[in-house]
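Each chain carries a letter (A, B, C and D) given by its place in the written order, and its residues are counted from 1.
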């Protein structure tokens, strides 16, 4: 049975979607891994509450979940947070305990309070009893992986540029590398069970 | 002209509203201060985006804004975050720079990741160039003020109890004390201008 | 070959040592696991810099490291931080990449900014490319496990009481449960390699 | 009587000292303000505990304290933390309540977990009941002020370059601007008393 990695993200202007695709591409490159990419849609949010049982069922079946969101006003997008709040029943029943998790985010500045968003994605994962995979790579490589110096997850930079050019290829490679890392960890974690 | 303190909050089950009322009561007790209490409504959120120009105009006119939200899944409620995201135009135009700010939150556990939420409310305020007022009181008093040991803002505890009994009177007094403190600071800050 | 779990901690007045012993007891109860408990000593700190090559070598040999420190003035004790700063060479050479990690902390208040310390222990572990194990348990049990509502690691409460009585038996059981959890994860992670 | 702004910092390799001098230069440029710059010295640290009563007395006399430290291993330098831990008696007696505070930090990466350090400096200030001044400026200016996109305090970037060239002139201007801002706020806050 394949190891199942789900990339669950919200994207407003398409930049975070580019990161999500890069992360999923990395995860899919690992033998024995199947990957899904799921976008949080505004249509599923009513009065600030997100509801999509099919998506929750896909997450229930995951071995690892990689969370992605832009950093809006110093934290995760409200649309992502609406999804997060809707997982409280899973939290209560500990359905996601021991799944692997990590995260990525995109904002305009080099720092840009992106760490605040990663801290939130971590805190959400901890509430669920999940296990958090670090970014893993230092910036000391000649490919630009982790050029922004993020250790808790992957960071990409984009402001009002078209999603074709931002996040740039180095940031996308950072995301791809994180996807590989989580998928490898998920295979190992499943094998050890 | 009176010093204008606005308590802006979201409440799901009524517990955070009780805290908001206590905070506002404290602020209103300071001479020369007028206080408004504004609830974020789910009706103002469409596809995860909050819009209410009248509320934003009230906030534009404030000398101090006190932000309140439950802690849901380790962070601010999505409804609060939808409001926060909608302030990006104010952020760009620096409309709220130098206003005073602080925050309060409610969740079930004594710790309960409430500090994560206060860190977010702080980060939002920093994005706006605001000035953050600490909680001020230690737990070393015989009234139960700040019994949970929170320094960055006020914390209240409530789970599924009715809002009539939780947060308890000590937590409400903690909120009231914070409201007084912020109102006094706002009067002083305005007088010094 | 046994799975090697090291509990590395600083304790000022003995309360954090009690938590460390409980965590180690939990880890040692898992078949196939050997546990070491190492206290950071002030004698190893000169001008704010910690040095103890034997301890670093023990950590190099660990499959999982559990970090513990009191929360002093809203963060990890300086003595713990002196240890952390001394790991920069390990960081540069990625020696601890993929080891498991988690943390625990003790302070006076129920909340008491303990989450700030756990966020730091997490950030340190992320810098090293480690994998962070959540606390795992909700407070919904009749034994008092995780009574304070902490998800990122274990929290204990103690002020000026003797270390014989604080942290209390519920907090010590919280630590013991975390130790078991990390040891089980380390066995599984090693087996999957 | 002049408004008294103290810049209290630790610097290992001289980069943070350059930032401290820029911050102090900005503060000193405001009429009616006197500025002191105090370096935390390793000589004052014994077994991880800092002691310097003359420095504490200078801080007691400050209207505003600006805290600075490199980001080492994802948090404040141990030497800075040793100072912070030594302020617990001031904390207990609330000596620094209502003083203004802000912070700055330097590390190698553009993000580089510097926000973790600013969160700590904020948390320390909150413990003391202080009032935190935001960075204030967005990166949308043609001088490079706040080029890294930090809102909670000032960030500078430096790795192993000589302190003559890093942090660069834009980062130093960011620090200088923060110093001006805090000094102006301190004058206003004192006048309003």
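Simple rule for what comes next: contacts are C-beta pairs under 8 Å (C-beta built on N, C-alpha and C of every residue); 3 or more make two chains touch, one makes a residue touch a chain.
Model, not experiment: these values are computed from the prediction.
Common neighbours of subunit A and subunit D under the contact rule above are B, C.
Centroid distances from subunit D, each centroid being the mean of CA atoms, peak for A.
Separating the CA-averaged centres of subunit B and subunit D is a span of 27 Å. Multi-chain contact residues of subunit B (touching two or more other chains): 74, 91, 113, 116, 119, 123, 126-127, 151-152. Across the complex, subunit B is touched by residues 91-92, 94, 97-98, 119, 122-123, 125-138, 140, 151-152, 185, 187-193 of subunit D. Interface residues of subunit A facing subunit D in the complex, by the touch rule stated above, are 74, 107-116, 139, 147-152, 155. Per the touch definition, subunit C reaches subunit D in the complex via residues 42-43, 45, 47-50, 72-79, 81-82, 84-85, 87-88, 91, 113, 116, 119-120, 123-124, 126-127.
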